[in-house]
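Take a look at the structures listed below.
In what comes next, subunit A is part of two complexes: it sits with subunit B in the first one and with subunit C in the second one.
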Partner chain A sequence: MALTTPTAYRSPGLWRRLRSGNLTEAQLGIILLIPAAAVLLLVMFWPIVQVLWQSLHFERLNLPARGRPFIGLEHFQRMLWGTEMAWSPQHLLGWRLLAFAAVGGLWWGTGRGTVRRRTAVIWTVVALLVAGLWMGFHPGEAGRWGDARFWNAFSITLLVTVASVAGSFLVGLPLALLANVESRWRWLVRIALLIPWAMPRVLVGIMFAWLFNSTNGVINDVLRRLGVEGPLWLARADPAIWATNITIVWATSAFVGLILLAGLQSIDESLYEAAMVDGASPWQRFWQITLPLLRPSIAVALIFRTLTAIQTYDIPYAMTRGGPGRTLETLGIYVANTTNSLNLGYAAALSVALFTMSLAVTVLYLRWIYADD
Partner chain B sequence: MRRTLAFIAILALLASGLAQTQLKVYIGGQQRPDVIGPLLEQFNAENPDIVVTFEVGGATSELQQQYLNTVLTSRSGDIDIFLIDVIRPAQYAASGWAEPLNQFFASDAAMMAYLEDFLPGPIEANLIDGTLYALPAFTDAQFLYYRADLLEKYGFEPPTTWDELKMMALTIQQQEGDPNLQGFNYQGANIEGTVCTFLQALWTAGGDWVDDAGSVTLVTPEARRALAWYDDTLASGITVQNIAEITTDLSRRQFQAGNVVFVLNWGFAWAHFQGSSDVPTAVAGLVGVAPLPSFEGFDSATCIGGWQWAINPYSANTDAAWRVLEYLASPDSQRVLAVEASNIPARKSLYDDPAVLAAAPHFASFYDVIINARSRPVTPFFSDVSLAIRVPMNAFFARQLTADEALREMQQGVEDALDF
Partner chain C sequence: MRRRHGPFARVAVVVGTALLVLNGTFPLVWMMLTSLKDENELIRIPITYLPVEPTLKNYVQVFQQLPFDRFMLNSAIVAVTSTVVCVLIAALAGYALGRLNMPYRRALLTLIVTTSMFPALVLLVPLYRMFLGMDVPLLSPLVAALHDLGMRFMPTEVRTPNLLNTYWALIIPYVALSLPIATLILTSFFQLIPRDLESAALVDGCTRVQALFRVIAPVSAPGVVTAAIIIFVNSWNEFVLAMNFNTTMSMRTVPVGITMYQGEFAFPWATISAAITVGVLPLVALILVFQQKIIAGLTAGGVKG
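Let's look at the complex of A and B:
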């Protein structure tokens, strides 16, 4: 009788487990993720890689004889730097160099733990804003580097982002608070929150262009009845910036409101009861309980709002097509105009710039959120 | 039994379908699919070996172009024939996006003889260095529409110079005493039409955007005169101050509501004014149409519009497509388009055609304008040139740029667009 030597237990191969349905949880998880990951790779990462690759090539469809030569970073040089670099005093003394220097120092400091991360993030945002706005709105061509139209679009994008994100929080937070109050009229506020959110942006743009129309529009008609001569909203640069931002705020504060409302509803009532027992005023309750507990929701709303604001295209296009002149030509509109002019190479480079802005903002926010960890 | 018969019928249809050449035509929503559809049905009935279907998309010239950009960039042959705006053939020729049509004629002389009946403007756009890239489907131009009743009331004939127009507009505005009555309306928004607003004033001052040697000439006394005229329309009050937000359709609506004495607009506006419109009209039967005025001593001029039939070079059936193209550009088809869709014919012979004139008597007065219509810059870089002109124009109307600044910006922009 031969002794059967005990063989070491061999776990069955993946294929066997797959057939028998005997998978570990991790294996099952990976298998279930494969289709989604494949789709993501195909529809997200592949286009991103393609746009990056495209941005390194010259391609103008109305110049087919030139073909599609590889030109390296030439598009980015044209965009950011220009082909003829002039070191005039204005260039050197521009605020932007100081600002960028400050950013570098701060980030180095955070790395060494000498500067608090949150301070560094705030300073970075402020410095980039100052630098960015200065780039675009610097008086005279001498102070500019590279493609003046790009810097103009860049600054407008920053301006629209800051104004409309701040605006949508100023409107969205009170709306969310209102919608959270137990009242007979709560349904009204909730509907008011849902309608702008559900409306297509282009429709909103066209609708508000009519409202703001300076001769036939409702807004100026109301002002006229009150005895005030309203501005030529969309026919002058400054009021057009206001009108467009008001429209964007109208259309987007609902989104902020909805997310904040969800956050408000998750706050435990007993906290307020305890605070009331301790004699806290409504104001104190708001600052000490509501706002701190709302922080995760605020962060989520802020990230999504900022990212959509950076990519703003629909409302300014529908209202003024980026006009008057180039007053509201955001980066998104510039990309679309360049694509329609069939300059696919440069359009790809501009898209990369837009993508970089979104990425930078996301990284900054993530750092802010995890600042305390 | 019945079901079997139906099945056999479907099979037969499929089989015949396989033997036939399948072609697809792409048109925009604004080009009356309800009229072009039956026209293609008739072609199918007459030509059993070809089956033409059509696809509709895009409500404006820009949107149609964006769709075709996608199709042609990917070298797709799904669409065999498409309609393109009169401003596009040069770009299509450069990009190789339109099949050259010379090959379908016995000789170039035969081709020129065939083109004889077409209006000169559209042919100028479609014939690039002796190669024909498209056939005109119908044409268009900017016209001066005026309130015939008001002009008659004050004993005015339609103006032939801009000064006359200003004088008449001011007189009528003052005498009527209606603060809502605008003297003169045109397009100043950031749209394609604003390019025409600029060029028309430039041409009627004897200038052009480019000289015979091909250099861009936008900072010239003629161009300054053109912008000085628009400054004057705003300063004298014959034009509304918010002209920077006036689009083609907005200006059509304001005239239609009875609020404007003179308006520059395209051919489509006529039918709206007469009551075939989405909004009520206050001016039915009160509208006159005339060539654009000019500056003293110069000729009238206007921007040409309209659409062209072209063949996709990536199509597998260009020969069959040519037969459809010939059919669509024929006098009979253009007559149908004129009578049923009020499209302005691109063939001279149709302007004294009884059927056309019975349906659209105003075409007779359009002819004098159409025959003198001029092309916007014929260049493969038209999209860039257009932006380089209309953006500073729009800023000028928004009082952001002075006339000189706007012209300098235009000059620079157009030079950059042509410098590649």
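Let's look at the complex of A and C:
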């Protein structure tokens, strides 16, 4: 007697489902995400792991005989503290005592219940790190604060970030308000907002270098007609940094304007009508309705702008090659120049510094995204 | 806004709008005017605003001094290939994240957005090393095989492994750099397509994959165009990686090539401005045709989430 084995119901395997096209949504989703995940892992995440690892190695392609030995944190020591740094308990002792007093005050406040415990713990850790690691180190005999070129690049990057983010917001907001007005010329306004966004940043830099040309440039010509003698914009560091910032603001304020414009268009028109009925002046409407409701867009615009400002490279490079000399070198230009001189180990360490700065801003962004959920 | 304005406000708006348009277009217009002037006219003081004797010889000079046609071709090949590859990958990912019930959807999307915040400059050193001593699994053998078949992406007789000075050295990072923003744009477009459309197809006996290709794909064409334009512009404009990865003259892209006209101390402004004018023509054409789509895409990328 033939026994027919009872076949239990088996859900069809993944391969069969794939061939027949009957996948569950999650399965299909995972399959569709594979190419994107592969690209991001191979070309974004893996290189970042590599750059972290590379920064702990010595490697100069022009000194192939030296190979690629592991040197630990030496690059970072050279970058931040310098090789001449020494630890001394007296160094900046007053500030350190002050910091410890402040921390003591925090804990006293915790005991009285006016300060949260978590706050006190966090600030204690911060104070210990700063006071211990940073303030105790001081430059030795011939020493200085690490790689002077790095600190210069770092401060130029900070200056450009602060000045150009603020500038592009202050220019971008009026641009958005104007672009939001209904008119026949709206297409022209759109084009005028898109051109600065779409131009390659290097070409913007070259273009403005011509506009800022001290003898034949149009800016100094207009100033001359107004009876002012314009400076030699790009020959000295002081006017050059402002010429650079103005150029960056021109190139980026349009993008800020576009994001704010999207925010403006999502504001409910009836709010304005209600405010008009209540007799609010345009000024009041702007401060009481527009600005508060625009806050999410403003935050997005500022965060994205800050991230791009940290990487500033093209415009200063095109305008002055980071010069005169190396005075206006941003961190980005320093990374690229170090790569060009084939010192890949130190370039990796500088990239890590750059990455850390943008990671800090990214963390702010993520905290803000998840804040009001 | 359809609110009424007083006469003062109206004048202010008109003046403001005029300033806005002037601000946005003046530098480019000035470049075009400069490109029509003679080299001697440029050093005249006081400067001339409109060209006195318009000439086109700067444009001839652009192509004679350096292989600018080659730069354009390189940029076009790199930008178009990156765009096609990136749109394909991003469309698949966008569909998964925008339409399907997936676990951790929100977290995945946030992860992708976070990736877009990585500075491209950080990729410079690792990718340079990777491409230099290039032995990428799968890719190197593939490039060698294509070379043997006659598709020579390498400038020299080198079959492999050095990817520097090839189109790949730019296409690979450009796809990765534009992927996050493209995915974000396409995700938000897919979310807008009504679900009924798809369920109707499913009821009619389509499988999910068939529904994707027969129903969703045609409807999502506008989103794809938007994403494609933004990827194209990003890839056309990229400078740092192109500057450092492709250093032979025949492999330069447009933005890098234009910086090559200036010597150590000499700035042939007439030639440079003509080169800039030619180099941004594709971008200006895209803006003129697709202005609304580009704005929709840019703002989709900027919206929270």
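Keep this in mind: the second predicted complex is superposed on the first by the 278 of 373 C-alpha atoms of A that agree within 3 Å, B and C clash if a C-alpha of one lies under 4 Å from a C-alpha of the other, contacts with A are read in each partner's own complex, and residues count from 1 in each chain.
Quick note on the criterion: a contact is a pair of C-beta atoms (placed from the backbone, for glycine too) under 8 Å apart; a residue touches a chain by one contact, two chains touch by 3 or more.
Source: prediction; values computed, not measured.
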Overlay on subunit A: subunit C relative to subunit B, clash or fit: clash
Residue contacts on subunit A - larger count, subunit B or subunit C: C
Which superposed partner A:326 touches (first subunit B, second subunit C, both, neither): first
Subunit B versus subunit C as contact partner of A:167, first or second or both or neither: neither
Partner chain in contact with A:340 - subunit B first, subunit C second, else both or neither: both
First (subunit B), second (subunit C), both or neither touched by A:50: second
Contacts of A:215 with subunit B and subunit C, given as first, second, both or neither: both
Contacts of A:63 with subunit B and subunit C, given as first, second, both or neither: first
Which superposed partner A:237 touches (first subunit B, second subunit C, both, neither): first
Touching both subunit C and subunit B, counted on subunit A across the two superposed complexes: 213, 215-216, 339-340, 344
Contacting residues of subunit A [partner subunit B, same complex]: 60-64, 209, 213-216, 232-237, 240, 320-327, 337, 339-344
Of all residues in subunit B, those that touch subunit A in their complex: 62, 65-66, 69, 73, 91, 94-96, 189-191, 240-245, 250, 254, 380-381, 383-384, 387, 391-392, 394-395, 397-401, 420
Subunit C to subunit A touching residues, read off their complex: 1-3, 9, 13, 16-17, 20-25, 27-28, 30-31, 34, 42-47, 49, 88-90, 92-93, 95-97, 100-103, 108, 110, 112, 114-115, 117-130, 172-173, 175-176, 179-180, 183, 207-210, 233, 236-237, 239-240, 243-244, 254-256, 258-259, 262, 269, 272-273, 276, 279-280, 283-284, 286-288, 291-292, 294-295, 298-299, 302-305
Residues of subunit A that touch subunit C when the two form their complex: 20-23, 25-26, 28-30, 32-33, 35-36, 39-40, 42-48, 50-51, 54, 174-175, 178-183, 185, 187-204, 206-208, 210-211, 213, 215-218, 221, 224, 250, 254-255, 258-259, 261-262, 269, 272, 276, 282, 296-297, 300-301, 304, 307, 310-311, 313-314, 318, 332, 335-336, 339-340, 344, 347-348, 351-352, 354-355, 358, 361-362, 365-366, 369
